[in-house]
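Order as written gives the chain letters A, B, C and D; numbering starts at 1 within each chain.
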Amino acid sequence: MAQKQQDQELLQYESRIKVPYTWSVGEVGSRFLMELKENRKIWATRCPSCDMVFVPPKKTCTYCFSDIHEWVEVKDEGVLQTFTVVRYETPLIPGKPPYIIGIIMLDGADTGLVHLIAGVPHDKVKVGMRVKAVFEEKRKGHILDINHFKPI
Amino acid sequence: MNGVEDITIIGVGQTAIEREKPADTFADMAYEAVTKALDDAGMSIDDIDNIVTTSNDFWDGRTISSMAVNDAVGAGLGKNITTVEGDGTFSAFYGMCRILSGSYKNSLIVTHVKGSISDNIHITNGIFDPIYMRPIGLDSLNTAALQMRRYMAKYGISEEQCAKVSVKNHANALKNPYAQIKKTFTLEDVMDSRLIADPLKLLDCSPISDGAAAVIISGEESAKKHKNAVKVRGVGYCADAYFLGDRDLADANALDMAASRAYESAEIVDPLSEIDVAEVYDAFSYMELMWYEGLGFCAPGGGGKLIDRGVTEMDGKLPVNPSGGLLSGHPVITGGLIRLIEACLQVRGDAGDHQVKGVKTALAHGVNGACGQSHCVWIVGR
Amino acid sequence: MTNQGVDLLTINSGEAEQPFCYTVGLEGSKFLTEIRDNKRFVGIKCPKCGKVYVPPRKVCGPCFTEMTEWVPVKDEGYLHSYTILRFAFLDPETGKEKPVPYGYAFIRLDGADTDFQHYVEIKDEKKVKIGARVRAVFEEKRAGKITDVKHFVVID
Amino acid sequence: MAKEKTAIVATGQTHHRSSRLDVNGIELIHEAVTRCLEDGELTIDDIDAVVIGNMDHFEGINYVDTWSIDGSGAFMKPIIKVTTGGTTGSTVGHCGYHLVASGMFDKVLAIGWEKNSESDTTAAITTAFDPIWDRLVFAGAISGLAVEAMAYMVKYGATEKDAARVAVRDRKHATNNPYAQLRKEVSIEDVMNSPMLSDPIKLLDVCPRTDGACAVVFASEQYAEKICDRPAWIHGISAKHPYNYLGDYDWEDRLPSMQMASKELYAKAGIKEPLKEIDVMELYLPYSCAGLSWIEALGLCGPGQAPKLLWDGVTDMGGELPINPSGGVIATNCIGATALLRISEAAVQVMGRGGKRQVPDVNTALASGFGGCFWSDVTLLKSTKPK
C-alpha cells in the first residue's frame, strides 16, 4: 500500500514473524493431558495448605505459593460460569463462527476451565447451565482432546 | 509508600491518536511526543538525565522493540536508559523510582505503539498460555466478552448500562483535539452496533490506533515551582491471578489493591468525594463500570447505578474520561500514559474544551494483561 | 496418582505466524524509492555534526537534532568489516533456512559516515578483506525493498 | 547517593540445561524463585514487589509479567516487566535496585529467565533487528559478533588462538559450578579445530542455548543484614544503549558502550585502577573474542593488550583478577537470565557463597550485561555499605 506525503510515496513493508515454537508442557501438565488421552478423565491438583483444587493442574498454588503434590479426580461435568458467542472469523480457532467459548466450574474443582461449548443453539446457552465434556475419538494428549462441552 | 511528595510531573506530550500513521516510524512518533513534552516543560534534552522507554515486542513485531526508538529519545547522547514492557503507567512508576533512588533528577518516560501494522487477534492470542488457553482461540475481544457476561450475570448489570459509557465517552471525545474517533453515538447506535462476541458489540470496543506519548517526571526541588508542575500524591500497582478461571472475572480485586495503595499515600478516604476527575482504562465499555467499583467510587456491583445517575458525566460529581478515553482512541501501551497526561492537564487547567472545572485532584489508571489482570493507579494534584 | 514415568509432552505452534505491515516512514521511503526508481543511494545529513546517515532517519541520535538535508551517496565504498556465514539458520520471515555460505558485510559507502549492512559476494574469498573496495549490484526488478540491492561485489 | 542503601541478600538459579521438558516456563521460573527464597530463608509473603524479564519472541509469550504469576509468586503483588534484549537480566537487576533504593519497597524479587529450547534461537534473535533495514540481510547474532571480532583482530593483531584462550578459561571455570550447562573442559586445540560458524568464530567460541532462570532479592538497609550476614551492597550501576542500527557502530573501537558505562561506574564508585581495586568480574561474554576487546573497554589494559593479560593468567582463578568463576556465558546462556546471573554470581562471590567457584576474600565485584545493538550495562557490588 502506498500513500503520499510531501510528494514522497510512503512505503510499507509486508512481512510476518514465523518463528516456530515447541512449548514444554512439563510433568504436571503432561500427566493431566495424558489422562485426557488415555482414560478420558479430568484430574486436578489440590493445594496442601489452602485446599484449592486447580483445573488445569498447578505445580504451585496460585494463592499461597505452596508446592502441590496431591492429585484428585474431578468430574467431567460442571456449571457454566460465563460464555460468549464469537461472531468474527479468526484463523486461530478450530471451526467457523459463530461458536461459543465458556468458563466451566467442574464438579470438585475450585477454578474454572476455559473451553468450547457446542451442541446447543446459541440463544439457549445460559450462565449456570450444566455441561459435560465430549471427548474426541482420536486423542493425542492435548487440551482439545476434549472437543467441547455440551449441555446435559 | 513514602517519598512521592518530592515528585512532580513537569512536562507532557502526545501525538494525535490516529487509525494509522503511514509517514511515521516508531522513532518518528516517539520523537514527536518527546519534543512536545520537552517544550511543555520548557526544557532541552540536556536537562534529562535518564530515560524509560515503553513498548511491546509483540505489538511492534520486533524483539527488543526499544531498539527502534533509542536515538529518537536521546539514548544516543549516552544517557542511562531502560525499557518497560507494559502499559506506560507502570513505566512512569519506574521512572519515578529512578528519581526517588537518588540516582537521577529528571526522568523522561516515552511510550509508543502502532496497532495499525499488525493484527489485534494474533497479538492478543499471544497473551494466553499456549498449553491450555491459546488452542481455545482466546484473544482480547472474546475474553472481554466472557468477563462482560460474568460481570452482568453476577451483579445484574444491563447491556444498556455498559452502552451508556460508550455514549458518554464518545461525546466527551468531540472536544479532545487528540482523539481518534470524533462522532456522536446514541444509546441505540451502541445497542444496534454489530455483535462482536456476545454481549460485546462493536461500539463497546475501543478502536485500533497508532500513537506515542511522553511525560517528564522531576525530583528537583525547583521543579515544584515550575508553571506546569503537577504533584504526584500516590501510586499503586498490583496483579491478579493469570488463568482466567483462577479469579472471578466480575471483580477487580487487583485494582482495589492498587487503588488502596495510591489512596493511602494520597490520604484519600472517600474517593468519590475527594477526587475531582478520573481518566480510567476503558478498553471496553463495561470495563469502565467495573473500574468504578475497583477504584471505590461505588460498592461492587454499583457501577451500573453510577452511570445511570450521571455521576461520571462531564457535569457530574466525578467526571470520568473527559478526554473521551480509550473508546475514542486506543494506542495500547501508550493508553495509560495518555490517561496520566490527561489527568495532569486537568489539574493544570490546560485541558481546553474538555476541562473539568476546579480540579484539585485527578486519578489516572493503566492496565496490563487480559481482562484487567494488572492495574496501576496514579493520584496527581496541585 | 503421581508424575512418575509420564510422557513429557510438547505443544507445537505448527504453521502459526504473525502478520505485520511495517511502516518504512518518510525518510526510509525516499531512500528505497531512489534505489528502486534510479538505482541511486541517498543519505541524510545532520545540520549540527555534519554526519551523513545511511540508511536515513529523522533524528541524529548523538546530537538529538532533526535532519532534512539530503545528500548523494555513491554506490561504491569499502568493506568496513565482514564475516562469512557458514551455518544455516531459520529466516524468521519465511520459517525456512537460507543457503550458506554467504558474505555478510558492513560497507562504508563513499559520502556516508555510517555503514550500510548488506551481502558481499564471496566467489573469490581471497579478495574479501577489510578495506576492499566494493560496488552495489542492483536487481533487475526492484520493489522498494533493501533487497533491491542484490549484493556488493569487490571491484579491485 | 541513594536514598535507601540497597543490597542483594539472596540468589537462586536453576540447574541450567539445553532443554527442560519436565517443566513449562512458569514452573522453570518457580524453581529459581524457590531457591532464591530458600537462600534468604524468606517466604513469598516477605516479598513486596516483583520485577521480571525475558525476550518475548524466544518463547512466543506476550505479557510475561501477567503470565508468570504462578511462578513468580506475584499474585496480588506489584509486578513489572522490563526487557532490553541481551541486557534484559541487568535491566531487571537495575530495576530491582531502583525499586528498593527509592524507598517504595523493602524487598524486591528480580527474575530473569529464558527457555531457549522452545524456539529457533537464531530466528528469534533475528526478529530483534529492524524489519526494513536489518532483518532481510541480517545473518544472525553470531555473524554480528563475528564482524566485530574480524575488525578487532585486523586492527590490533589479535589471533583466533588468543580468543580461544578465553573459551578455555571460561569452560575450565564452569567445571566448578554445579549450575553450569557445559561442564567439560576444552583445550585450545579443541576450540581451534571446532567447525567454523562465521569467520573467525568457531563452534567452541560461542555460548550454547539454554533453558534456565535466575532470581535475586534486593533489600533495603533495614532488612539486608537481618536476611544475610554478608550482603552484597550495590555501589553503582550504569546502562548505555546508544545505538539503533548496527551500521552506526564503530567496529574497531572495542565496545564504546562499555567504555562509557564503566567510566561512569568507576567515577561513581571512586575506582581509579580497576584491575587492582576489583577482586572478581562476572562478564557477559557471549563469545570468546569479547573476552579480549571488552576487557580493554573495561579499562583492565590498553588497546590490543588483552591477549597478554589472558595468556599471563591474570584473569584465571588464582590470578590477580579472576573473570567468570561461574564459567560465564560460554558455559550457560539462558538469555533473559544471563545478565542477571552475572549480577547474581558477583553477589555470590561477595557473600562468600561460591563453594568450589569461590574466589578468596572478595570485597568488590563487577558484573556486566551485553545486548541489543552493542549495548552495555554494568553493576558494582561490595561487601561494605555505601557511604
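Throughout what follows, contacts are C-beta pairs under 8 Å (C-beta built on N, C-alpha and C of every residue); 3 or more make two chains touch, one makes a residue touch a chain.
The model shown is predicted, which means the values in this text are computed figures rather than measured ones.
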Exercise for the section: Select, from C-D and B-C, the pair of chains that is joined by more C-beta pairs in contact. Expected result: C-D
Handout entry: Centroid spacing, where centroids are CA-atom means, of chain A and chain B in whole angstrom
Key = 29
Exercise for the section: Mind checking the centre-to-centre distance between chain A and chain D? Centres are C-alpha means, answer in whole Å. Expected result: 37
Problem - Set of chain B residues in contact with two or more other chains - result: 22-23, 27, 58, 61, 70-71, 75-77, 117, 122-123, 126, 130-131, 135, 241-243
Practice task
List, in ascending order, every residue of chain C touching at least 2 other chains.
Solution key: 8, 10-11, 13, 18-26, 28, 32, 57, 61-62, 90, 92-93, 95, 145
Completion exercise
Going by residue number, chain A touches two or more other chains at 1, 5, 10, 12-13, 15, 17, 19-29, 62-63, 92, 142
Fill in the blank from the handout: Among line, ring, star, complete and other, the chain contact graph is complete
Problem - chain B residues within the chain D interface of the complex - result: 1-3, 27, 56-58, 61-64, 66-71, 75-78, 80-86, 90, 93-94, 96-103, 123-124, 126-127, 129-131, 236-243, 253-254, 257-258, 368-370, 373-374
Handout entry: Interfacial residue positions of chain D with respect to chain A in the complex
Key = 19-25, 27, 30, 34, 43-44, 57, 59-60, 69-71, 73, 75, 115, 117-120, 123-124, 127, 131-132, 135
Practice task
Name, in rising order, each residue of chain A that touches chain B in their complex.
Solution key: 1, 3, 5, 10, 12, 15, 17, 21, 23, 25, 29, 54-56, 62-63, 81-88, 90, 92-94, 101-103, 105, 111-116, 122, 127-128, 142-144
Completion exercise
Contacts from chain A onto chain C in the complex sit at residues 1, 5-6, 8-31, 33-35, 43, 69, 71, 92, 141-142
Completion exercise
As the complex stands, chain B meets chain C at residues 21-28, 31, 45, 58, 61, 70-72, 74-77, 114, 116-119, 122-123, 126, 130-131, 135
